[in-house]
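In what comes next, chain A is part of two complexes: it sits with chain B in the first one and with chain C in the second one.
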Partner chain A sequence: MPADLLPATQYDPAHRGGTLRLAADGPGGTIDPAINYQSEFAQLFTVTYDGLTTFRKARGRASDEAIADLAEALPEPLDGGLTYVFHLRRGIRFSDGREVRVADVVASMRRLFIVHSPTSGSFFGSIVGADACLRDSSHCTLPGVIGDEAAGTITFHLTHPDADFFDKLAFPHASILPADTPLHDLGNDAPPTTGPYRFVSYNPNSQLVMERNPFFHVWNAEAQPDGYADRIVYTFGVPDEAQVTAVENGQYDWGFDNIPLDRLGELGDRFTAQTHIEGLYAIYYITMNTRLAPFDNVLVRRAINYAVNRHAISILYGGTAISQPLCDMTPPGIAGHVGTCPYTKGADLDHPAPAWAAPDMERAKQLVEQSGTRGQHITLIISNRAAEQAMGAYLQSMLTELGYKTSLKAITNDIQFNYIQNTNNRVQIALTDWYADYAKPSDFIYDLFSCTSFHPGSDASINITGLCDPGIEALMDRAGVVSVTDRARGAQLWADAGRAIQALAPTAPLIQIDRVNVVSKRLGNFFTTDLYHLLFSQVWVR
Partner chain B sequence: MAGAFLRRLGQTVFVLFGISVLVFAVFFATPGADPSARIAGRGASPETLAAVRHEYGFDRSMPVQYAMLMKKLFITRDLASFVDRGERVIPEVLHAAPVTMSLVGGAAVIWVFASVLMGTLAAATRGSLLDRVLMIAGLIGISLPVFWLGEVVNLFTQSRLHHSWAFSWVPGLGYVPFSTSPIGWFKALVLPWCTLAVLFVGIYGRVLRADLVATMQEDFIRTARAKGLSPARVLLRHGLRTSMVTFVSLFGLDFAQLVGGGALLTEVVFGLQGVGRLTYQALANLDLPLVMATVMYSAVFVVLANALVDILYAVLDPRVRDGR
Partner chain C sequence: MMPLDATILSPSRLALRRLRRDPSALAAIAVLALVTLACLAAGLYARHVAHTDPFTSDVAAAITLHGQLTDIMQPNDNPLHLGLTPIGPTWSVQYLLGSDPQGRDVAARLLYGGRNSLLISASASLLCIAMAAVVGILAGYFGGFVDAALSRMMDIMWAIPVYLFAISLSIVTVAQDLHLGPITIASDNLILPIVIIAIVYVPYAARPIRGRVLSLRHAEFVTVARSLGVREARILLRDILPNVAPTLIVLAPLVMALAMLAESALSFLSIGVQAPAASWGTIINDGQGLIYTRPMVAIAPGLAIVVTVLALNVLGDSLRDALDAREGDR
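Moving on, here comes the complex of A and B:
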């Protein structure tokens, strides 16, 4: 690590002070940490709120791990992973001066069900009593979370073991808020915080301002280090092109939106020192509806996997420096990554290659011929962003070459993701992406391929392929249980599940992507974590 | 008078009702427009989705949903965005209005002065080289799409020539309230003003020239000349004033639609958080309450401007005033 890049644990007071100026095109929505599910604000919540656990504030892979935050330590699983007893750290105060108490933790967990937090079912549905809360939030008591104020403990009882429970508690939705926080979406009024910053004002149409939390002290620099800038001002309504120019001119320190492809060359040439590439747990993939022709035929799905030129997709995303071909749905770096490539030239399921090399159009055409589906009509659904439109045009030509009559339908980015999930829209094939909530295989393959994620006729049916294979389901369930006590064995089982999914080919993984950041000349100690990108508390402007 | 007022009011209500029904129907006819899943968040469980659907009333019939929306917009005035949950749309539009007003007001001053000057000069020197040059310049102005022109202005003033003496004063994109810094307000808006005005200078200059040329052939002009008035006085007092009728009616409608959100492209390109940008944002993420609020706001301005233009006709043209 270069000498001018400090870990969060080594705080250099010489750089303390100043205002960090951020810009984004649109605002991130509600400021309620239990409800907001946008990465734009998750990035803010990570320096303002704390859960019982948090992802380590460190660079790179070290940031993937959930560690204790408001809890004294990570508890050992009891009753075979059905019970966890957390000890609350004493002496931590909210930004309004009140001490964080056990009652706040219990109330925060209950509140996330009452306000219909997006992940209340998917992340926290395993807590005893969660099902009743999900059915009728107005009478939610959540008996599975028990607080003991005198002992300073919070006990969680689960209905089934969950190897990722600490990761889920580290997610901003499980932030600890004061017990008297209103039981509805707070909209623009942020609740008191526990981290180094507090929200001073928020107007989604103009600006968000954060200042130091006067009651903050460092209890664990890996969990929540002190911030450098005194003030953080986030301006909304700055288009992506303008963000790049303004950062180059030193008017802002960093922009949230992805850098337009046509600006990458200029950054590489003239602003090299200010440009940083950051690895992401994010992928692009083609999803195929296993319940609709022609993709109800596994041969067709394999043909698509052989035919697609992942190198071309990588170029269309912005180049091989910021994206890499991908062969399985769990990206490298995450336990359970299969690491082999059955659908590339010179390989097959029984003899997979170590990496993707080139498309195999001949074999793809043979498979289409074998399937008897040649000549059928296919509609490919993409979102209307520039990179996707370019990828869509390429995929259309590829499908046409395979012998299908292909049409391309671009839908506005905000609704495409939900549109392709609903079986009523009869989507055959679509191009989409997936960003990790936490760095575990379940967040990729369980969420995307489990029978429990498939809900016909609903816009929220994240298993878009409709795959529901009892063998794979059993394997994933077993991997989940084993991982509670044996991570390594669990990872092997997740990889087995990944291989089984590869064989059925409900999707064609395309590329893993990186993010390009450009920062102002004055911004120092560039610091990103894998899940929450630029860590605003650790970069300095002095 | 009261009858005319009531008639105008009735028309306004009818127009607003029609537009609101249209916006509502188009929204729900759009495939994938159901906002429940987007509100509930990625991977929401069926129970969460059902709870959101119920909370927002998406499980009710369409007429009931329409009535609820209108009630929240016009009666309780607490209609909240589907995307920025908790953000009430009426204060949001009102907060954006001064930005748009500043942009459109400044641009209007520029385009009125420039086009009157251009039209009058061209008419006065009809057939000369100056006339041709001005008219070609006007045509070029009309042909330049505002979003392209805005991006080119940004390219030079924010990027390529930003560090030169000519443009080093140009602030970053965005709006500075007049109350915060009058100079900052001016600096932030002067380039957007000019960009927005270019198209209108072209149109209005050409329209005014054509009208002036026609008016100068009228009998009353001949009479004025016969009275021995100076050519300048005939042109400005008699010719220009009568020719302003078309100019004013055009201005009323253009100004109103721009204030109502029509300056959308200029606002987006220059990062000004006005009503147009709000409309753009609402359309991009299919935020029905915000679309509805901005469309209603815009419709009210257009209807009001029509009424104002009618009154101004009477002031400018004695034939209208006297009912002839």
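Moving on, here comes the complex of A and C:
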């Protein structure tokens, strides 16, 4: 690590102060941390809210680990992994001055079911009583979460062991909010925070302003370190091209959106010192609706997997320096990565290749012919960001070559991810990305393909494919249980689940991506974590 | 005194003769013919010369250039190895003008795009002139309430900025297919930009036509026809329309020039011709992000628009001069 980069545990007060200026094309949606599922705002929540656990605020792989945050320590599992007893840390206050109490924790867990948090089923469905809350949120009591104010403990009872429970609690959806937080989507009104910053104002049409939380104190610098900048101002409505120019010119310190392909060369040439490549657990993939024609036919889905030129997608993202072809939904670096490629030239499901080599258009066309779907109309939904538009144009060309009448529909990035989840929109096929919520296979396999993640008619239905296969479901459940006691064996089972999903091909994994960050000249202590990217509290501007 | 031959030739022959003697008109016609022929030969060029499919994305391909295998998308030579740039003009048969961001041959797309640009602008121009003729003739001939109603409608349309009006109509139709009773028009159907552009320029063309008809309706031959009991429809078709025809002919290339600019603007904004089809406007849009590294992608269609629009305007001026009865034979 260069000498001028400080870990979160070594705070340098000499750099304290100033305003961090951020820019994005659009806002990240609701500011309710229990509901928002956009990485744009997850970055903000990680410096404003805290859960019982959090991911370590450190650079690189160390940041993948869940550690205690508002809890005093990570509890040992009891009853064979069915019970966890957390001790709430004392003396922590919300930004309105009230102390964080056990009742706040219990209410926050219950609230995430009542407000239909997107991960209420996939992350927290194992809590006793969660199934009833998922069926009827208006009468949710969640008996599996029991608070004891006098003892300062919160006890979680699970229906089955969950090896990733601490990771899930570290996600912003499980942020601890005051017990009297309204039981609906808060929209533009942020609840009081516990982290180093609080929200001052949020106007989705213009900007979001954060200032220091006057009641914040550091209780564990690895969990929630103090911030450097006094204010953080996030301006919306700055297109991706303009973001790059503005950051180069020092008008903003960082831009959220991916760098357009045509600007990468310029950054590599002229702004090398301000440009950082950040490794991610993130992928691009095509999601196909297994309940709508023609993708209700597995032959068509396999044809798409054979036809897609992953190298072309990599080029359109920015080249092999920042992306690699991907054949399964779990990227390298995550346990359970399958690591073989059945859909490439010269390979099949029984004889997968060790890596992706080239598309097999002939095989793909044969499969389309066999399916009898040639000539059908397909609408591909993409977001309106530059990279996705370029990839979408390529995919439209590929689908047309396969014999489909293909329309391309670009939707503003603010709503595309939610739009493609809602079954009412009858989305056949879409291009999307997935950034890890936590660095475990369940986040890529279970969350995206389990029956519990499929909610018809909801904008929060992460299982976009609609796949609900009993065999795969059982395999994933088993992988989750085994991982509690044997991570290695669990990883093998997750890989088995990944292979079973590959066979049904509800998605076409495309590329694993890194992120290119360009920052202003004045921004120092460039600090990224694997899961939340640039950590706004740890960069300084003076 | 008019020259002797001018008194013998019919007005149309006289106009043709004037046109033939106008070097500007001949140059404009030659340019338009050349552009049209080149665009009509787009398929031949793509298949037999460039050996490319200009509608298929080909970013991962390579071509043999000067004996060497060359990637269409070329890695940038910078310390971070970031980004790729499409191949520039090769000045050889393949990728003559370079590649667009999807690895497609710009020269081939330029010719195919020209087809759409010419087809849309010519069709929109004809449709616009036809609609404007109906509106202008009815308003000018009948006057009174008909004139007031049609003229105010034109005033309202004219009060809305042309591009804003066209963009509004386009966004509605591009967002989803248009359903007109049992008929469904796909959002990528070229009929939509043709109709939209035609509609927005109707007021532009209808005004001079109405003005011409206003002067014609009190002409002697019209008064005589009326007094003889000739039906109004027959007067409009046999007496008014032929006398308005020169105005329509003069307006046609001018409206076509405006239509071409409007089509390019709409396509540039992604609400005209839809991908993977091309028009000169969409190609400029494709080249927008490459303006620093591969300017030819945007410059080539831009030049094509400039040259064609200029030729159409020059032709329009020449037609006006040739058809103007007040001018003597030059």
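Here is the rule we use: the second predicted complex is superposed on the first by the 365 of 542 C-alpha atoms of A that agree within 3 Å, B and C clash if a C-alpha of one lies under 4 Å from a C-alpha of the other, contacts with A are read in each partner's own complex, and residues count from 1 in each chain.
Everything that follows uses one rule, which is that contacts are C-beta pairs under 8 Å (C-beta built on N, C-alpha and C of every residue); 3 or more make two chains touch, one makes a residue touch a chain.
Everything numeric here is computed off the predicted structure, so don't read it as measured data.
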| query | With the two structures laid over each other on chain A, which partner does A:Gly265 touch: chain B (first), chain C (second), both, or neither? | reply | second
| query | So which one touches more of the residues on chain A, chain B or chain C? | reply | B
| query | Does the superposition put A:Thr245 against chain B (first), chain C (second), both, or neither? | reply | first
| task | Figure out whether A:Ala321 sits in contact with chain B (first) or chain C (second), or with both, or with neither. | result | second
| message | Output check: A:Phe236 vs chain B and chain C. Expected answer is one of first, second, both, neither. What do you get? | response | first
| task | Check the residue A:Asp477 against both partner chains and state whether it touches chain B (first), chain C (second), both, or neither. | result | neither
| Which holds for A:Asp496: it touches chain B only (first), chain C only (second), both, or neither? | neither
| query | Between chain B (first) and chain C (second), which does A:Glu278 come into contact with in this model arrangement: first, second, both, or neither? | reply | neither
| said: Which partner chains sit in contact with A:Ser206 here, chain B, chain C, both or neither? Use first/second/both/neither. | reply: first
| Which holds for A:Asp433: it touches chain B only (first), chain C only (second), both, or neither? | neither
| Of all the chain A residues, which ones make contact with chain B and with chain C? | 241
| said: Going by the contact rule set out above, which residues of chain B touch chain A in the complex? | reply: 30-34, 36-38, 40-49, 51-52, 55, 80-81, 83-87, 92, 95-96, 151, 154, 158-159, 162, 171-174, 268-269, 271-273, 277-278, 281, 284-286
| message | For the complex, give me every residue of chain A touching chain C. | response | 241, 260-269, 272, 275, 277, 309, 311-312, 315-316, 318-322, 386, 390, 393-394, 396-398, 400-401, 407-408, 516
| task | In the complex, go through chain A and note every residue touching chain B. | result | 26-27, 29-32, 35, 37, 116-122, 125, 134-135, 137, 185-189, 203-206, 235-239, 241-242, 245-246, 248-249, 251-252, 411-412, 414-419, 421-422, 425, 447, 453, 455, 458-460, 462
| remark: chain A partner, complex, touching residues on chain C are 55-57, 59-60, 73, 75-76, 78-85, 101-103, 187-188, 274-276, 289-290, 292-293
